[in-house]
């Protein structure tokens, strides 16, 4: 890692050059919500003017650049002799992602663990990951961000370049030779002690700006103990089973595999499709038995995955605290309330002064 | 205006950001890293019951055939081109290097397509995947195999294994139950298992027909029939969740240690590689950490039964 | 062409319309890019929008429209007796469709309003499945050609087609659309069966539920959501009744 400082005007020139020369995506304002607040999304950008440098948070995560919602895994071509050949491709054009937040980059790091660290690394994911150039930017949290609780408000790897706003300049963490080569063409300076101070101040400010905190220590144990808790049914009763939370989540990666014949019958395509454990048939097996028939079962399972973790994933919590799911949920379900409810459930039960209902 | 100096190169752009932990493609299997499968020809189809058939497959390429080795209890992903994949446990002998046998129930989209296929058709397999029964650890002990209905499919490989290494094991018992006599599979092999493999085989049905001469009742009734030496018995139980729950708690009751009882769980796997999460039970992947679990792990898994 | 050792033969198709706009049939004749391949899969025996030939030896009957007259009931029963597989396609056939709006008024009043008192035989708009057994339904107003193609391809390959069981939200989010609720609209996406690739919300118009209910939808939570978004019960019912796709839920709710 090399640290440099760049003035904001020079930085804009750098971004403009790199965005123009590549297949680039960055945050853009796409809509205003009913209260007039801007809605941002990662969209193709052709110049620095199109980028919303001061954006708050995007509605969708950046995961689809690594895990497309639908991706062909292989194609079969059938011949006249009733034989077939299987064709597999995993290619990805070089892509530039600008403006990812620390939580977004942490999410990509988590996906790296899931997709590349197991016994069967995914070549499809690897192709995209290798060919994606990530420029991160820090930001002041929104009132409902809780990435600090998940310890994902800072990030130390997984990006090519990371920019911290220190007033008139950006403090750059350069984490790849390619980024360094690009930046050589621009006016950089070595950080002065004042710059270092400004960076530390900036970090402090970010840390202190979190308004939402969730206590996640010991949560795996809580989740195990509360497996049959009535709170799952309570939140499950609200859940619309619509899968929105999983679609906007930066780390939800569960998928289904489907295969379809080509319309000319001369081939077929096997593809995956990002799915959600909240969807009704996620845990259904051939013959129709559903291992998670109720809303509450499925909702619980998503929390289980996010806050307890999976064995194959070293039991690490995969939530990064971006609260995109909470903001997007039409039924008003969000991690903060569900987890607090879960903890409360346990605590009242312990003291015994307010026994919870349905618990006899 | 585009400036070529700032264009990202085509290949291997990004070793750096995560180079401190490079993925190791050779860790487990040199061949099965992708979605590419082994092409197989269906060499024979044996009807076993109304809904179940035994499919005999032969890997077309001799080199691939040589590479394909599996352990008792493992499964593979069977691809029926055009229709998709389904996880199927391997029912043949691990020492049979020429053919792979799969006992398949017509239950879903893929298996229905397979039932349309004719001998000679070409399908594809990926695998083997998952954990297996620890046949070596069982050496010197008694082995008790308990199967309900289609649960016999993953037990055929350990039965063959025991036949191949019969002198490694002491008493071997096989208890097999089904709803009705017509649902008992592989009845044509019963005599072979009894006389050649010296396996003490008992079958039971819940609803007998007029020709049924054997025992009637639940599988647990057979457990009462036999004397079990809990200190030296290893159990393999396979069947519907309710059945193995009863069977295992019975065996637990007579004192077989939980880590010497093995069950094979069934879930709908889509990838077989610990990614898609469709087969998760609690926090565990059936495809990676299973399908064979010891009973201690199973009772620790939420939503397993 | 043989596949897996069995012969895949063309399916003999008849398409029949009842009370409808024939928009779904037209949809099948559309999409020129795959029309030759689609026609190669099927042997058209009876299809007004495609061919002038009329034969009664079809295996698959595609039935469009809802039933609103007694002679239609007779005709439909004959089709059912001939066809091996009967597919109801389009929202009218599957749910009664827009035609069902008239079911809410006295039939005499409807006739007086539309036909100026002329004597016209009519009965409440009824979905196909209420009269004969339906083997498969393809909802949509109009149907999506891709889905019909997929179903026909499945039948040619002797496989059972399936519809998505989850709601439109999944596809809408996968197309990275801004949620219409965020823009202050009320959309039926959260309870409507997916498969349309969220075509309406992608064009910023709210889903009206032409594909009917998704599996295991949470109707109570949805009504709470609609109320929180400022719609009265009457306004919500208006939306839900538009295609008559949610008759089962409404019946349950109102009883």
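In order of appearance the chains are A, B and C, and numbering begins at 1 in each one.
In this text, a contact is a pair of C-beta atoms (placed from the backbone, for glycine too) under 8 Å apart; a residue touches a chain by one contact, two chains touch by 3 or more.
Quantities reported herein were computed from a predicted structural model and do not represent experimental measurements.
Q: Apart from subunit A, which chains are still tied to one another through touching, counting links that pass through other chains?
A: Result with subunit A masked: one piece.
Q: Looking at CA centres, what chain is most distant from subunit C?
A: B
Q: Of the chains present, which has its C-alpha mean closest to the combined C-alpha mean?
A: Going by the distance between chain centres and the overall C-alpha centre, it is A.
Q: Go through B-C and A-B and name the pair with more C-beta contacts between its chains.
A: More C-beta contacts join the chains of A-B.
Q: Let me have the rounded angstrom distance from the C-alpha centre of subunit A over to the C-alpha centre of subunit B, please.
A: 35
Q: Need the CA-centroid distance for the pair subunit B / subunit C, whole Å please.
A: Comparing mean C-alpha positions, subunit C is 42 Å from subunit B.
Q: I need the residues of subunit A touching at least two other chains; which ones are they?
A: Expected reply: 78, 82, 261.
Q: Touching at least two other chains at once: which residues of subunit B meet that condition?
A: 81-83, 109, 121-122 - these are the residues of subunit B that touch more than one other chain.
Q: Among the residues of subunit C, which ones contact at least 2 other chains?
A: 3-5, 157
Q: Which subunit C residues qualify as touching subunit A in the complex?
A: Counting only subunit C, the residues touching subunit A are 1-5, 8, 34, 37-38, 40-41, 149-150, 153-154, 156-157, 165-167, 169-170, 173-174, 176, 178-179, 181-184, 189-191, 214-218, 220-222, 224-225.
Q: Which of the residues in subunit A come into contact with subunit B in the complex?
A: Touching subunit B from subunit A are residues 17-18, 20-22, 73-74, 76, 78, 82-84, 86, 88, 93-96, 109, 112, 114-123, 126, 129-134, 157-160, 175-178, 182, 185, 224, 227, 253-259, 261, 268, 270, 272, 275, 277, 282-287, 291-292, 297, 301, 304-305, 308-312, 315.
Q: Which residues, counting only subunit A, touch subunit C once they are in their complex?
A: Its residues touching subunit C are 30-31, 33-34, 39, 41, 59-60, 64, 69-70, 78, 80, 82, 237-244, 247-248, 260-261, 263-266, 274, 276, 279-281, 295, 328, 330-331.
Q: Quick check on the complex: what are the subunit C residues that touch subunit B?
A: Residues in contact with subunit B: 3-6, 157-160, 162.
Q: In the complex of these two chains, what residues of subunit B are touching subunit C?
A: 42, 80-83, 109, 112-113, 116-123
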